[in-house]
Structure formats: C-alpha cells, structure tokens
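Handing you a structure now.
When the chains are written out, they are named A, B and C in that same order, and each has its own residue count from 1.
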C-alpha cells in the first residue's frame, strides 16, 4: 500500500486546507493525475499522484486543514502503467485555447481574401490604482500647533471639529465648545477586572456542556468579520415599503413566453434600481472614517448577494447604469451562477457600490439587512405573495412584495431614503420601462 | 503610480509573422527549413520538460520549479544566433537556451534534484544552472547581477581577441535593478561586445509592467546609455532571430553592445510558489493565448510545408518519453556526499574549515549516524 | 642603496608590485575610478596607464557595483583583474557582487568556475577624513566565506602580500591602511617576491602578554610594547596580515606561552574582528589563560571628524589594557 503524503510545497508552507477532492475512493488513478486541490497562504494548487494505482482511501474532507507530511491518500499500486491514450489535447501547459484546424493553412492554400498582417498585441499588463487616496485632495485640519497640542492632551480628534476661523481654521473657541459637549472616550475597549472574571466563569460553565466546536475559517470567518465591522461602524436604520408587483409579474411572464427563457423578478428590481440610483448619489456612496470624507461613486457596481455552498458571496455587475435590461438580466444570471459554481474571480467578487439581496421565495416579509461595508445602503427583496388589496372600492388579489432598505444614517436622512424607494415603487408599479414596453403588448 | 497608456510597438519593428503564420517571401531565408524544424522540436521539448517538472514539484519530488511558457522563441531563437562558445549569461527562465546548446536533459534534471551527479554538486536551488562545458556561467538569485558580468566577460573577449560575443538575458524587473544600469553604462563606455536581451513578459512576480516603468518602453533606455535599443514582438520567431542576429553581428564586428526588449506574456505563474489568480484577471491571460509562441511557430512551419499536426503529436510524444526516461534515471541518484559541503569555498580547503568539518563528523560518529555518506570514496 | 633593495613608502611599494605583475602577466589589468589617466587619488597606480595602455589600466564610470561586477566577468573569462574602490567607505554598492557573487561563484558552480581577482581599497582613519573616508569595513568581508582578506602593515608586507594576492586563485579583498601610505618607509627588495598567505608575523617577541594588531594599528601596537617595556613588561606583538583565513596557530601558540591577550583594531567594538579572535582563542586556550582576553577598539559610533584622536586607539590606551591583563 503506498501512502502519499502532503508534499512540502515549498517556501515554508507547513499546512494546507483541502479545497476539493478530484477523485473518488475506488477510482483508478494514473501517475501525474490530479487528485486534490489544496489552498495554502500563498496559492491554491492541484496535487497529482506520483504513482499509478487504485485509490483505496482519502484522508481528510473538504475544509480540513492538513499538515505537510501527513497522509493524503492510500494507493494500491499497480506495477505497469497502461499505455496513455493518444494525446489529442494541445501541448500540455500550452494555453492554446483551440486554434481550429481549419485556420491552419498549408503553403498551397492561396485563398486569402485580405492581405495577411502581423497580429496586434493586447495591451501590456497594468494595474489601476482604484484607491481614491491620491485623487481626492484631502486636507488635514488647519490649526495652530498650540491647539493641536491642546487637543492631543484632551484626547480630542480635530477632524470632528468645524473651524470657525479664517479659511476654516480651528480656533481655540471651537475646541473649547466642542470639549464642553459629549464625552469622547471610547470605553468599549475598557475591560474591568470584573467582566474578565465573568468571562472566565462562562468559559468554565460552557466547557462542561455538550458542544460541537467548529473553528471559524475561510469564507465564514471573512463574513463574520465583515458583518461585525459594518454594524460597528455604520448606524443602521431600515425603511420598509410594500410594492404592487402585479404589472411586473404580467410583464415578466409575457417576456418569458416571447423570449422563451426565464426571468426573475430580481432582474426587474435591479433594473429599476439602476435607473433610479444615479439620482441619489448618497445611496451609492461610502464614508471614509479616517479622513471623514464622503465618497460619492460615479459608477454603479451592483452587488448581487448570492447564497453559495461556501457562504454568502457578492458577485458584482460593473457599470449597471449603462446596461439595458437584457444584458443586465443576463449578467445577473451569469454572475450568480459563476459564484455558486466557485468560478468567480476575486475581481468579480469585490468592488460593489450598492448591494441587492434576495432570497426569492424564501424572502419572507421584511428584514433589517446589514449593509455591505463600506457601502451606504443595501436593498433586501422579499417574497411576492398574492394578497387582497383595495383597488378603488373593490377588493382584488394583487401580487404584493416588500422592499427593505437599510441605510447609513450618517449620510442619508430618512426623507432621502423614502424618496428613493418611492421612486422605485412608482417605476415598478407602473412597470413603465419604455425599453421593455415594446415587448409588453 | 505608473502611467496608464499602452506601450506602443516601435513602428520600425513590425512583426514578420502574420496572424495566419505566413510571411513575406524575403524572410524565408532567415531560418532555413531544417533549422526551423529543429527549433520547433526544441521548443516542444522545452514545454514538455517544464510541465512535467512542475508536476513533480507538486508531488513533492522537486523542491522548486518555474516555467518559461511563452518565452521559448526568445531563449531558443537567441541561442540559435550565437556560436557554441559565446557565453550565455542567464537569469533563470531560459531552459530553451540550455536545450539548444545541447545540455542533456539528464544534466538539467540532476541540477533540479541537487543530486550527486549535479554539476553544481547540489549546492544551489533548482534552476540555478551552470554548465561551463557549454559556456554557460553560473546563475544566482539576486536579480541582475549577471549583467555586469556579461559586460566584463565581453571586455575580456575583446582584450584576448577570442571573437566571442556575450549574451545576457534579463526579465523586465531586472531592468529596474542597480546592476542593469551599471552594466549598460559600462558596456557602452567600453564598447563591449555584448547583447542584452530583456524578456519582457509583463510581470515580475505580481508586479505588472506599468509599475516597473513609467517610460514608453524599456528599449528606450538604451539611447540614454548611448547604445541602440529595439523593442520587438518576442513571440515571432523570425523577428527574434533577425533582431538578435543583427545585434550579435554588430558586437562581433566591434561596433558595441545592443539592448533588445522582446515582448511576450507570462502565461503561467512566476514559479511553483506563486498563484497569479491573486493579482491578475483571467480575462487578461486569455487575451494572450493567441500569442503563444509555439503555436505561432507551428502555424508558420505548417504554412511553409515543413510541419504538420501529426509531427506535433509525434514530437510531443517523443519528448514525453524522453522526459519519463530522464526522470526514471535521475531520481535514482543519491545526494552528494557530506565531504562536498566543505569543499570549493576556496581552491584549497583552509584549516579552519577542515577543523569545522572534523568537529561535525566527530559529532555524527558519536550519534552513530553511519547512514550519512561522508565522502565520495565510500 | 643596494642594487637589490630600495627605500619605498607603501604607495611606492604597491605601485611597483602592480607594475611588476602587469609586466609578467598579460592577463592582468586594472580598473577603477581615476586610476588610469590620473594615476589614482592616492597615486598608487601612477604611471601605469602610460606604460601599459588604457585598455589595461582602465578608467571606469562612477559605479562601484559596475566596477566589481565587470571585474567578476573579466575573471570568469580568464583575466586577472585588479579593481580599486576609491575609499573602502564606498564599497557598499558592490557588496551584493562581492558577497552574493564573487565569494560564492566557485562553490555554487560546483568548482566549474572561479573568480580570481583582487579588490584593493584604502581603509582606516587618521587623515581627518570623517565618517566617509575613514571606515574599517573588514568584518563585512571576513564574515563572508569564499573571500580572502589581507591587510598589510607596511611597505614590505604590502608589496609581498599584493603579489601573493595577484597569484591567488580566490577573490581577495586587499585593505590598504591609508594612514601609513606615506608615513612609513622601508628598504624592500626591488624584485618580484611574495609572502605566504594566512601567515601572521611576530613583530616583537615577548612573554608577558600577546598583543595582536593589523594594518596601521601594528605600528601603534609596537609603540605600546615599547612603553610597556619601560615599565618592565615584555609584550609579544603579532601582526595578523591576513584576516580571512587568519593564522590561528601563531596566535594560539603565543597565548599558550604568555597566557594573556589584547587585540587592537580601529573598527567599532561590537562584532569587530577582535570578537572573533577572542572567541576562538578562549575556546582553545581557556584553562591556560590567566586573565580575561581584552580588546582595544574604536567606539561603537560613526567615525568622528574633530574628535578623531579620541576615537582611534593609541599607545596609551593599549598600554592600559596590557597592564590590566598582566597585573590581573
């Protein structure tokens, strides 16, 4: 029995996380066949079997962290490698991407309809500096050294003070009146001895119970950190409104039958958002706490929160405001599928400026969603239910759906939020998309 | 920082190979048919060898490995233009040059394994080659240090009238390093017979070209040092050969050094320790697949009527077989003997090192470690 | 003067050595800043370009890493280059080429290549040179296996050691104590002669303590021994001459005899060469020593300008250390 151990992958790597098994127990494995994908601090790599044989046992399951040198698989070795099948694939490692046979011309082929030319090279690798640190002109608080020292001694952050002096300079009177206001010391980090003792007591009690302990790892850990940060920094409030989606549902079903494919209500809501949001820049913004500056984002990069096996991922549709309905609907479908299939790149999973989250039929009545930090708002879409509503004097069945919008109250006052939702409501209830109208009738 | 403009190809260096693999008749003589076949076979062996070695690394059978995918035309094309005794100063991503020179794959693999047959006596990490017999001085890790060496060697060739031309490879990252600037300056001032070839593959580990320089090209630096500089499409084997051949000729005629910037793209990772998905989008990589230099050379050779799809398959299969035999042989060799740890620091082993060796052997003997092979006599 | 001997300063001795070797070895050439046309800022290469040509005595652009890197390339091709760094204080841009390339080339190539070349540089204080014309960087090199480090202490040693270095198959760092370039004169043979490498010289025999020094400090050590003699102490003075590898045998032999040792150098105290000597000797002669092994060195400060005379070890300070160990 051959035991294949996790090899030393180099440069001080001591352990790796199993990402996915590529073979099954009982399967016949060729030498150099990829058997497992593992993730280290540096890279995600495929490990291949050094020997030919049948896989008797796999050690470890996906998500497990295994040490270098510990057994990965057991192989029942076979002596002679069977002849490898004729290699049809292009040169191993050669990223040829399939130049079709037909385009390979022989010297005798004279049928060139245009004069051949050397190909044009793609642009050279470059990196955009996305950070706004250099593009925004950020001014430090203007004040004299004596005031700075005074503020330092009194633990006052000058960025929080508005200067009344010439050119916005912070004067002594400004700091004094500020200091007379609310206390500023953040006592969240102060732990009294009593609370520590209480913690220890809790730990002792918990230990004696029957508990399954799962280490917080990978995406789960990342989500936990992000959510905590969002709630800690952003004062959330949520605005809820009900939307009559009857017209949209009619439009949607009509379109489905004409186009012969599926559409989700989410596509229409996203489309409405992309049309209205440009008029509400604060809802597509973020607050840079360190520099105390509001960043209004010009483009709308729509994040679509997607439940995947690994956890919550937010694939991003860039420049949604430029997209017509079809491309937007398609992009939503594609992106969410890619995220679920673990094919989305980190570039595609980052950079949203506004997020929509929808659980479809599981959407429930309403929610208080947590903003995807550092954005300034998040829109939650709930189930569509057929409910009785008054139309004029009569009670009729209508398709009703709630929208919950959580916002950053540092940036957005209630009235702005209300206006935003009301515009979206109007747009959706009338189903008044001129672009789509041609298909509606 | 860095600029956001795209690098323009120098207009006087339009490619020779067309998109469909054809070329104007006047360029057909650049590489005679049988040479082109040999070049293509070497390229395929290059790629097969590296791919298999990378697999070995992932199985823990090699400590480290890197590939030169997309750069075979530059390395093999350049070596093709040199005489056997023109010294080649490598960085580490030029396996093609070694293969063209005739360094046996077994010798290469022994270096990668650092076993008793390694010409370097197992002293260096994989890919840090040295084959004096083939006029290939030693490779080291500090970036760019080989560049002034090439200048000095070239000066010596001129001084001793040996007629040799030195050729040094470097990545575009090395063109930022101190030694590059000293080397270029000295080479030009001394009019040394040396050719510097930048393999600009777009990335120095995760650092893209735009961060490496704010200038419109690297070739443009040559003018600042008083030597000609040329930027070319490094995936076009005919253009590579034409350009390098002219530069080598210049040097051999005593007309001084040249800087050549050969553009290509590093399709693979920097090395076995790197994961490029962490710093560049797949879309960018996909754009470059049409510029695979082997694929372009195959297309051209097929157009010429000297190559076919079945020849590709056959060559590839032969290469796989050759590498399999090579692995089988080389993995049987043991590590170098313990003696060798203390040798070659100086020409003769000095007393203090003798003493240290003795102390260590005594310690091992006390431990009862008979398994360590002490000397090559055993 | 006799036909065989001539009185020379160290500069003249070095100049003569270079000339003799250039004459004898076609493959030898010199390179450095201002060494050709100008003859070097200390005149060590004076007249050589005129005689041997600008292709053999080469003025280089101002780049230490270029100088050393180019010299390495020349050595790989079979030449014998002698490069000059104008002041040891300026060697640092070349440290990569020295430590990562020259010193390791033979080892890393499994013996296929070697880099036989000599890197000369004026070092040390005493000329009112301040931070950047007075440094003693020897330990950066002695800590690098694969290099040899030589430090002459006078004209006779300078010529002999340089000629040995020029015939040595390993890379040699040749540190010339600039303070005594011209202040010491000696009668030395006009002919081509070499001195054994790795050989320390007993300058003065004694039995009460061993005093080890090198470079300009050798003369100062001799002075201290003279002062000690007046107080009735008989001090043995050893001139190291080679720092890497150094002559353990001679020093050990001496300390086993005297049971006491003091080491002197200009370079800063912490991790200076004295630390190495003392560690090695105490390991070999621990039970025989009758006093702690001491060192007299420059302070752990950058090399001062105005207060230079306080910084540099002088005979009085050395004498004090000698008395401490002798009277322990």
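In this section, a residue touches a chain if its C-beta (ideal position, glycine included) is under 8 Å from a C-beta of that chain, and two chains touch if they have at least 3 such contacts.
Keep in mind the model is a prediction, meaning the values are calculated, not measured.
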| item | value |
| --- | --- |
| Middle chain, criterion being Cα centroid separation | B |
| Chain at maximum distance from chain A, centres defined as averaged CA atoms | C |
| Euclidean distance of C-alpha centroids - chain A vs chain C, Å | 65 |
| Cα-centroid distance, chain B relative to chain C, in whole angstrom | 40 |
| For chain A, residues that touch 2 or more chains besides their own | none |
| Where chain C touches two or more other chains, by residue | none |
| Touching residues (chain side chain B, partner chain A) in the complex | 1-2, 4, 6-7, 9, 14-22, 44, 47-48, 50-52, 54-55, 57-61, 63-64, 67, 69, 202-203, 208-211, 233, 236, 263, 265, 267-269, 272-275, 277-278, 280-282, 284-292, 294-295, 298-299, 302-305, 309, 312-313, 316-317, 320 |
| Chain B partner contacts - residues on chain A that touch it in the complex | 4-11, 32, 42-50, 86-87, 90-97, 99, 101, 103-108, 112, 116-119, 121-129, 345-347 |
| Residues of chain B defined as touching chain C within the complex | 87, 118-121, 123-124, 128, 130-132, 137-138, 140-142, 145, 147-157, 159-160, 166, 178-179, 181-183, 185-186, 189-190, 343-347, 350-353 |
| Residues of chain C defined as touching chain B within the complex | 27, 29, 55, 58, 60-61, 63, 65-66, 68-79, 81, 93, 96-97, 100-101, 104-114, 145-146, 148, 169-170, 198, 245, 248-249 |
